[in-house]
Amino acid sequence: MPKILWINPIGTADYDQSLQKWINTAKRPDTIAKVVSLEKGPFSTEYRYYGALVLTDILHQVKQAENDGYDAAITGCFCDIGLREAREIAEKLVVAGPGESCLHIAASLGHSFSLIVPRKELIAKLYEKVVMKYGFGNQLASYKPLDMGVHDFQESQAETARRIEAVAKEAVENDLAEVIILGCGLQYGFYEVLQDKLGVPVIDAVVAALKHAEMGIELRKRLGWGHSKRYEYESPPAEEIKRWELADQYPGVKGL
Amino acid sequence: MPKILWINPIGTADYDQSLQKWINTAKRPDTIAKVVSLEKGPFSTEYRYYGALVLTDILHQVKQAENDGYDAAITGCFCDIGLREAREIAEKLVVAGPGESCLHIAASLGHSFSLIVPRKELIAKLYEKVVMKYGFGNQLASYKPLDMGVHDFQESQAETARRIEAVAKEAVENDLAEVIILGCGLQYGFYEVLQDKLGVPVIDAVVAALKHAEMGIELRKRLGWGHSKRYEYESPPAEEIKRWELADQYPGVKGL
Amino acid sequence: MPKILWINPIGTADYDQSLQKWINTAKRPDTIAKVVSLEKGPFSTEYRYYGALVLTDILHQVKQAENDGYDAAITGCFCDIGLREAREIAEKLVVAGPGESCLHIAASLGHSFSLIVPRKELIAKLYEKVVMKYGFGNQLASYKPLDMGVHDFQESQAETARRIEAVAKEAVENDLAEVIILGCGLQYGFYEVLQDKLGVPVIDAVVAALKHAEMGIELRKRLGWGHSKRYEYESPPAEEIKRWELADQYPGVKGL
Amino acid sequence: MPKILWINPIGTADYDQSLQKWINTAKRPDTIAKVVSLEKGPFSTEYRYYGALVLTDILHQVKQAENDGYDAAITGCFCDIGLREAREIAEKLVVAGPGESCLHIAASLGHSFSLIVPRKELIAKLYEKVVMKYGFGNQLASYKPLDMGVHDFQESQAETARRIEAVAKEAVENDLAEVIILGCGLQYGFYEVLQDKLGVPVIDAVVAALKHAEMGIELRKRLGWGHSKRYEYESPPAEEIKRWELADQYPGVKGL
Amino acid sequence: MPKILWINPIGTADYDQSLQKWINTAKRPDTIAKVVSLEKGPFSTEYRYYGALVLTDILHQVKQAENDGYDAAITGCFCDIGLREAREIAEKLVVAGPGESCLHIAASLGHSFSLIVPRKELIAKLYEKVVMKYGFGNQLASYKPLDMGVHDFQESQAETARRIEAVAKEAVENDLAEVIILGCGLQYGFYEVLQDKLGVPVIDAVVAALKHAEMGIELRKRLGWGHSKRYEYESPPAEEIKRWELADQYPGVKGL
Amino acid sequence: MPKILWINPIGTADYDQSLQKWINTAKRPDTIAKVVSLEKGPFSTEYRYYGALVLTDILHQVKQAENDGYDAAITGCFCDIGLREAREIAEKLVVAGPGESCLHIAASLGHSFSLIVPRKELIAKLYEKVVMKYGFGNQLASYKPLDMGVHDFQESQAETARRIEAVAKEAVENDLAEVIILGCGLQYGFYEVLQDKLGVPVIDAVVAALKHAEMGIELRKRLGWGHSKRYEYESPPAEEIKRWELADQYPGVKGL
């Protein structure tokens, strides 16, 4: 049975339970998915600095997951914090991220997509980097800011739904978006009603990453198609890690 | 149980049986996959003209598949002949193609890929179009021609394996490719041995499309994430098709 | 005397006469230009599926034109349906298309152009593909939809002229377009009045393709500069066509 | 009768006669084409500085040509020195240049082209700028330097032909070029033999510009499609030129 | 002591004094900066033709500056007229231009910038060329025209300040610009007040070029990092200049 | 007096002294530059994982430098680890990095550059990311691997010099590079001899970053041109950092 660890990369367990529920509704019956958050850290990753603070804890959780027999880990932030680093230190583990997953899924459902984002301040800081990193700049119809903080999404769900619908409609009618991406892991729970109203697919970031991970496991196990370990994801040599006594310096390293 | 139709877009059934076997080894246990070829047509799609000849027959088979209760159809040529048109006329059916599937899978396994192609003559004609269409030009390490016709691949399997291995090694060592894509549906059967030898993932085009289709069905059925019917894939209006009496003119249209 | 065949790729002869007239006003005195439409087929090519239905008939008309001694054929739809395939099967015949012709002419008349298109729905489906295919994305100022069907253009010419003028003015003043392209073969007859009013060149798609074809013939005959038959436009081998008995299967193939 | 002025932008009349002859063999029967060179200036434009020295003399000759009733002027250097400036000051005159003409013609003859250039030193200085300026970077197969000075081409024609053939063959076979462009106005006289040998179109820069100019005149006169005078090619106001007494300062300005 | 020549490339000394004052407030204490304008020429460089008229005089002033012991010269127009040509003929002299300097400085201060330009007519003619030439197209947030002539900026400073502030605010709030560039040498004197009001850096083109030149001198003198003389900036050979007697034909050439 | 902190982002002080010496030879007389390394951490940043391990320590050193009255900090690895994050948390401090500095300096010295890199394995992992991040992909001539580890550079200086010279010559002669960048902070000490031999500028990464920092300080102090704090580099709100008690969780946070 495929085992997936969802790492919510923030220092609060506030969302763990509802995320776990949400994921349970979407996972394949035989998938075992577990949600964890970090023991310490900021409550959001809206700033690059917050992302930096949580980075090594994410990586060590990923490596621990591999050691514990998980088949996949998900770095659960739309910006895919630590995704590439995690693939570097993982040997066989599949590592997925919501940003990459959403963009790939959107790209085969339609010609162009719009990203629903919390605030316009985050476009340059986070979203443009994600879109460019995966090479989908030509398919971007627009960024649509909601003018909300990430913690507001689940607080006032009715207002969130109302705002998302309003900007998503603009995206489809004016910006000619064919697919809507809910560009934040905490916008979970809204896609179904919305896509019925809009008549276009609406991608939930949590579900997208989960499905990508499930598919990744299948590709890995059945076909041997895992992350290439040449060049980009080549692992650091164990010998160096030992020689430099990194495990003594960073507790998490002992898992490597 | 997910039902998938693999359309081998050539006018010979010569490969149906071995492809069916190959697909059976790779499909999920509960997937029903059926291979068909065309009743008439050229034996390859190495020329755009050949692709043009078979185009409507592919499309009508796709539509028929939808009408017959299939969940997905695959236009089984690396150039994805008819893929976009098929998505236009399909309502709920998932339509996948080897080119799109291979490129998407390769893109999340590594930084760059090389495409193993039959002859250098086909690079401009077919392969560059595929790579550009899906926006993965920046991740292309190289095209590696085998200097073989597409029908030679299964004829002399040992020679094919030898040549693929030689150019794939060059791709990895000199062109810094992290993933190898076998860029033709008839290069099936070689990826496993090859990836063991090379130490990087080797993508089989048949299997990649199959897996993409299986995932597409899951996304469609469980989540409602199908091809967007706004803009790019908007269907032609039934009323026009009727008014212009297209079904009287083209036998296949009656399925629409 | 240069002989050009204009293929109106739709299954109605409704426009043949007026297009013939229009072309006669623009052709060089010594050019012989003949307009034909298809014996069967949809009345427009607004959907990719319609384009697929008419594709082989276009190609076989092109090949027949070559066999009948024509010097050039024009695939008369802005999306240049079949243009590349036609160049593949033609030996010496010049093949031109309105999309390619308009973009090339516009590119040497000014820095940027706007495309006047029937409906916004067609931008992703057709127009973006044309602009990207020929590499002129950087020179695109905007797409300006008229919110009209292609058959409305000649129906209510006054209304058409009024709408084109309104959006073209916006294109020039707000989007900084330097050249206007009338992005549909059925927008013929409007450019002259419009360019007098706007003070910028307005490219008529029918005339542009005609002129491109006339120039192409001159280049071909005087200088030997025809479509390169290496790689992209390499013809399918006659031997294969014969061996696979394609002429028995598709009536039009016998011309090859 | 269309009148075209070919401006050889160098300070020697050494090539005037042979260029005139060459052009006479290629022009339409009713075209009047006259070759002139500059009264002063360097003998080549291989350096940007040389191009700067001759720039105003070219522009004033262009303007004089317009005043003298010419229909078109050609700035006869592959780098199209002064082309954009000339279009700015011209009112109705068509202005063509070999670089733009060659690239446009090549782009509709095949998928990719190689540029035969005198020396590798000129690639960054001149050729990359031309290719980028017109947006054809994606179609460039390669630059092939001859390791010759521009004045050597006509000196030792046999050697020139031999070298061009050698690098052009490489371009076609190794770099997959479908069209060859002779990237210097002084490589005239070689294309015909060469294209017979190579089997792909070989574009002569002098002839290409001549044909582009002839076509430009036809578009201008018959259809009113001249260079757009909005934005990019907007003319400097006569009032300013007068107020600043430019004609007293620069002899050539009096033609404006 | 580093000596810099600022060449105001227009035929009027009207701005020399106030520019000299402005530069004196910004230069390093030990820098000697001198402002000159041209003996003849148009009063602005808003048209390419004007740029062509002044080009050789700029270049010869640059070369004279090198001969007179200057360490750097600045071609003082945002479009960097003659910048590349000047680097070609200079041996050791640093040559800077406001366009290049502003874009490089802006690029390390933030993610995106807006360019405040005189009139929308100049965007295609001048500004797009500058932005593209240096490869910063991806960082452009917007062009914001002031609808003013270049000579109005210093005439009615209060109005200029008011307009710049209005469009710059739009740029920051709506277009998400992080840095504002005052895209004309004659918009000097406004940046300080403006950046206090806006809260983002506002780049003055005169000061930016001055600072770039000061840094360039330091790199040149301390580290030997001057403009590379291979390929792009390779100098024309003195022997050719002599053989062609260019100094007799163009007075300025004698400095070379 | 401008104070600059050079952070060598590795957990060994082995290079501190020689780097300090090297920097002292290149700094402006009135600059105070101090080299530090990290108290813990890997000895190189050749893997992304190593970069992750040292990231927060770098950031907290940067912030501490700001609190201690430094004017600039340099994140001393060619990949600019932490550069963007550091600018986010800095208020007035200038933050520079070798990668950004080298590319900007190279871009105004010539048309194209080659990057001398330790091993080919690092191209995808590190170097392509740097080149793409700053938008200089079009100016890259080539990557030239030395096939050496980063610690070998100073070990066997003669061998290092020999290898660099060999590949740099290839870069200039074959790849047409106009500028050479020594793409690793530990390749210090080689540029001067090399650029004398090659005749093109050779950029030392340590010196480049130092000079960029000195210039950045000047721009910041004299002109107020610091990193824009809108959008990309907006600081995380102090209130959040306090509310989430981050300083209790991460020792370094208390500096914020």
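Each chain gets a letter, A, B, C, D, E and F, in the order it is written, and its residues are counted from 1.
Everything that follows uses one rule, which is that contacts are C-beta pairs under 8 Å (C-beta built on N, C-alpha and C of every residue); 3 or more make two chains touch, one makes a residue touch a chain.
Treat the numbers as computed from the prediction; the structure is a model and nothing was measured.
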For the identical-sequence pair chain C and chain D, what's the CA-based rotation angle in degrees, nearest 5?
180
By C-beta contact count, D-E versus C-E, the higher one is D-E
Between chain A and chain F, what distance separates the C-alpha centroids? Give it in angstrom.
30
With chain centres defined as C-alpha means, what is the inter-centre distance between chain A and chain E in Å?
45
Quick one: report the Å distance separating chain C from chain F, using the average Cα coordinate of each chain.
54
Mind pulling the chain C residues that touch 2 or more other chains?
111-112, 120, 123-124, 176, 178, 230-232
For this entry, which pairs of chains touch?
A-B, A-C, A-E, A-F, B-C, B-D, B-F, C-D, C-E, D-E, D-F, E-F
Residues of chain C defined as touching chain D within the complex
26, 28, 100, 104-105, 107-112, 134-136, 138-139, 172, 176, 178-179, 191-192, 195-196, 199-201, 203-204, 207, 211-212, 215-216, 218-219, 222-233
Of chain F, residues touching chain D in the complex
111-112, 176, 178
In their complex, what parts of chain F are in touch with chain A?
11, 40-44, 46-53, 55-56, 59, 82, 84-85, 88-89, 120-121, 123-125, 230-232, 234-236, 240-241, 244, 246, 249-250, 253
Touching chain C in the complex: which residues of chain E?
120, 123-124, 128
